[in-house]
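Order as written gives the chain letters A, B, C and D; numbering starts at 1 within each chain.
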Amino acid sequence: MSKEELLDAIRDSIVNLDFDKSKEYTLKALEAGATPQEIILKSIAQGMEIVGKKFEESEYFLSELIVAGEIGKEITKILEPYLKGAEMKKVGKVVIGTVRGDLHDIGKNIVAMMLEAAEFKVIDLGADVPPEKFVEAVKNENPDIVGMSALLTVTMVEMKNVIDALKEAGLREKVKVIIGGAAVTEDYAKSIGADGYGANAVEGVRVCKQWVKQK
Amino acid sequence: MSKEELLDAIRDSIVNLDFDKSKEYTLKALEAGATPQEIILKSIAQGMEIVGKKFEESEYFLSELIVAGEIGKEITKILEPYLKGAEMKKVGKVVIGTVRGDLHDIGKNIVAMMLEAAEFKVIDLGADVPPEKFVEAVKNENPDIVGMSALLTVTMVEMKNVIDALKEAGLREKVKVIIGGAAVTEDYAKSIGADGYGANAVEGVRVCKQWVKQK
Amino acid sequence: MKFSRLEYTPKDIVFGFSKKFLRYGIDLEVGNGLVVPEIKYFPRVEKNVMEEYKHITEQLLKRAVALGTESLQLETELTYLEMEDKKLVAELINLQKSMIERYAKEHGLHVGYRVTVADIRDFGKPRHDEESFNKMMEIFELASSNGADVLSIESEGGKELFNYSIIRQDLTGIVSSLGYLATFDMKRLWKNIVSIAKNKSILAGGDSACAFANTAMKIAGGLKDNMIPHSLASIVRVMSACRSLIAFEEGATGPGKDCAYENVYLKVITGCPMSMEGKSSAVAHSSLVGNIIAATCDLWSNEQVENIKLFGGYGPEVFLEILHYDTKLMNMAIAGGQQYCLRDLMIKSDKLLNPQAFVLSPDIVYEISKVIVGEKDELSRTVASAIKAIELMSNEEKLNLSKGEKRFIEMAKRKLEEIYSSPSQKVEKALEQYVGKVEKLRVKDYLEA
Amino acid sequence: MKFSRLEYTPKDIVFGFSKKFLRYGIDLEVGNGLVVPEIKYFPRVEKNVMEEYKHITEQLLKRAVALGTESLQLETELTYLEMEDKKLVAELINLQKSMIERYAKEHGLHVGYRVTVADIRDFGKPRHDEESFNKMMEIFELASSNGADVLSIESEGGKELFNYSIIRQDLTGIVSSLGYLATFDMKRLWKNIVSIAKNKSILAGGDSACAFANTAMKIAGGLKDNMIPHSLASIVRVMSACRSLIAFEEGATGPGKDCAYENVYLKVITGCPMSMEGKSSAVAHSSLVGNIIAATCDLWSNEQVENIKLFGGYGPEVFLEILHYDTKLMNMAIAGGQQYCLRDLMIKSDKLLNPQAFVLSPDIVYEISKVIVGEKDELSRTVASAIKAIELMSNEEKLNLSKGEKRFIEMAKRKLEEIYSSPSQKVEKALEQYVGKVEKLRVKDYLEA
């Protein structure tokens, strides 16, 4: 197989969600003289684009989009030694977490993974996160966006506490705040002074993309 | 029939909801020398009490309580010429109405009639009543209580306008305000600064009774 | 046109089938072997009206796609406030219709769209508030030209006397209201609505006696509430059927609008498809007839639900899902030829527990409807049908009747028979006495309109 | 005790009847020829907790009297916040029970009272958050001594790995979670709960796999959502049944708690009465199984509704009314010997539209349950039942499956068979790799507990 054929084969095995094959072709492509940059641009990025399109056209499931993203990440890890410090550019940075008192994190996890697939750098604080931890992360990581999730009505009120804590620390103006989760509504988002709201994961990611585009 | 027997017969025909008979016995009792005061106390009041008890014990319907009240009122009218200005004492005075924009007045009517049966003087402003009319009535009639009803969520907001108008006219402190109707909740009552709330007619009347008792 | 025979026997009337089934809206068929969910909703007050309707419409169509609901009907009941703003009404009907069209095209949905105009008249005003009457007709026109497939109203002619009478269990007043005053108003109103609908080739749906039978039901309350007798509420329902029939006599074709649970009578008499609401309308009012009313429906509805956030979504979409499963069960029964088995369960579920359910049982409806079509005018049929209902109630030993109910039934029988001996004289005489005593009652305006 | 045979054939399993029916609470009988509504609710956050519960309880009992609901069950699902305050929990259970007793006495109601304890453990903490575990056991004790008739929980052992796996459609992870990790936690938990219940002579109800099958269902969404395959959600349901069965193997007697729609499996295998939730739980989550799940229920529930004001009353009473009519229809069918006719309609309504409904059809449940009781341990039955489900899905030509679903089914078949060839080795090897990668996963704490 030529270098070009190998690059296509990596792309196709990503589309087929086959990690083993994509790894095998990646190693072969490197041997055949492909640069890591070529693999990232021609194989991974194009593969992800195809998968994304198939998802948009309802041919693929969201879960398959996530699996493809994971494969892409794994291949990037293989390429790391060859990249020599030339890190891939991220479109933006998001600090994300489920608020204090709420142990439901699956919705938050889906959003985090979709953000990563959309080439955001994601700092995931996990579930049951107190306001101080959000503040600390904003201080240390200097993100573009803070995302909060709550499944329960009882814990939803915590979101306001986080925004208040950010204000107190003088960090509120530095970030956009988006919230989501079963209990949350657009009205609630407005009422506590969040900048945005995602009715579901797809919408949440769309809002984040728009924000970094506007920058 | 003796006078005593006639007084009992009036009472019983009220309990049997028979207006024709009660009228007949009333005229006979007056002929037999009964005073209007006797008829009011021994026949009407006792009859109403029995009917009230039968209603409490689920033997009679509310509608029958109302019919009995109407019969009582009719008999009182017959007695009026004999009363010579000695009006019956009322326990309190209520101005009542359905708020502006709301044409549903049946709930309000039930409350008004039950209040009358409970010996309140009721000034019924009807349905679709603007705030000015409530204010005017409070000025002119000097009631103890103002009652407002709204069936629709859209018209419920008018209740606050009435309370505000009473405040502006300096009349708010002179009256107790009670609200009710399908759309209204206890919280809403509190939030607009009403003094009380009736989840249904029976409860509404109970609240009014308590207020005049405390006076 | 006066109906003089019955379209069904108690044996063959059943949900999903109506003799005069209809095709309308976007490929929607009603009454031809399919029960269709009809979802009703109202916006939150504190919100922007247009945004609320947009949000409601979108969530409903999305949910229909998510569940695989192939046929459905949306009903917008205009509020008093919305009626004040003609431009807004035109825009919102336009908006909803275009959203419906888009979704229907993309996902192959079959959708009907009913618009119900509010009766905003103040009957205490001269000539029964002619200004408001004209405004209502304008809104009907607007609705027709902006996308409504079905026009309806819950008109209120006669209600001022009804309200006075129902809480006094005054049968003369009730008869005068439903069997006399209301009939004049219904005729005038429906002549107009039918002509508007015909002009635009859309459907004149019908007119439910919300202000009468539904009000009586609400006041009667639960089994042990003792507000008014349930047997009174049930004869009000029968009399309301006589009143609501007038829309069809004036040319309405259905699907009938339900709120007062009188439509099973109209179906037996007219053969037109009917909307009904039962257990799922608990969100708007409690009833003792939640299953039995489903036995004969063509559209199955939830009354109205506010666009409020619940855990599983907003009110309208949640109730669409509940209606979806209710109708699916009925449609599955039809598909397997078991509709009569399911229908009989629905009937048996409620029939003997309460008089209000009793008068909705197809066999009872049939007996009473025979009386209705056999009488010569609106007033006599109103009284005669109530007498028949009373008779059937007292003859059914298994019917659950408290002492108080039995007392009322005895009284009602005497009273109604007395009225029936010379109905117009009795009513006209009584009306003279009500004038002045009953707030807003303007008897002459009914007769002259 | 390991169950080794099935209690029903697909022909004889039906709503309202369970071989091991129960008598408990205040004269309540469940599973002996009657379907009972089980109403669930939660207080508004901004309100005083005790007042909310008082208000909810009162409205429910009043509505039951108003409708003539003779038998019902209330379920209080304690929230995370309530769990923090033992005194409050004791008081509120006491309050509800005393109100239930008063109404039951006055009006002859038959009432059961279930208390569900929240799983508040943070599985990322050492020894799986022993402090929280102990608190949960104290609350079970408190509930038992203050009036609960039935104890339940929706326990979450294994969910950290499940959450990681489900959105990656990683079957090895899902099997390791449900068929391995969860089993250790279930055994420990239910030994304790059963002993508490036995001490107080009340019932150990069961443990629904809310965090698993319900989560998978929610993520899968509507027919056209394409979040995860519906066929994946449906094998998660089957695997969840294997997990939830453990409560009964440890001595639970039911009535089973439903949230994950796995109870029809437990009924076939154990013969104990089961609660189910379907169309009326649209208020909490949408589903594609709204009718089929009713086919075999003994209690019929609404999931949970907030104590929010609707036009027809508050949320809980409105949904009690809807459940009342649903159950009345089923009970009427039983009374007339037509339960199988109605059951079959419920099944046909949903079965072929979606794999999630397909695996709830009694004939399919029977085939898969045979596999479950035939396997030697928890892990093998988890894998084997999923393989059987996949096989039955691919063999049913009429089952509505998109291309994507078919692609997944092919993949799942290969993957599951590979695991089945040596389940414990595969799982143990995989778990080594998940540690570190999956947040909060502490495999050792499962094995040592």
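Heads up, the rule we're going with is that a residue touches a chain if its C-beta (ideal position, glycine included) is under 8 Å from a C-beta of that chain, and two chains touch if they have at least 3 such contacts.
Note that this is a predicted model, so its numbers are computed, not measured.
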item	value
Remotest chain, subunit B as reference, centres from CA atoms	A
Whole-Å gap separating subunit A and subunit C, where each centre is the average of the chain's CA atoms	53
Distance from subunit B to subunit A - Cα centre to Cα centre, in angstrom	66
Centre-to-centre distance between subunit D and subunit A (centres being mean Cα positions), rounded to whole Å	33
In subunit D, residues with contacts to at least two other chains	224, 306, 311
Touch-based graph of the chains, sorted into line, ring, star, complete or other	other
Touching chain combinations (by label order)	A-C, A-D, B-C, B-D, C-D
Subunit C residues within the subunit D interface of the complex	62-63, 65-68, 221-225, 278-286, 288, 290-291, 303-306, 308, 310-313, 315, 318-319, 321-322, 324-326, 328-329, 332-333, 335-336, 338, 341-342, 344-346, 348-350, 353
Subunit C contact footprint on subunit A (complex, rising order)	182-183, 185
Complex contacts: residues of subunit A adjacent to subunit D	55, 58-64, 66-67, 70, 101, 103, 105-106, 109-110, 113, 126, 128, 152-157
Partner subunit A, residues of subunit D touching it in the complex	45, 79-81, 120, 122, 163-164, 166-169, 215, 219, 224, 226-229, 232, 306, 403-404, 408, 439-440
Interface residues, subunit D side, partner subunit B - complex	309, 311
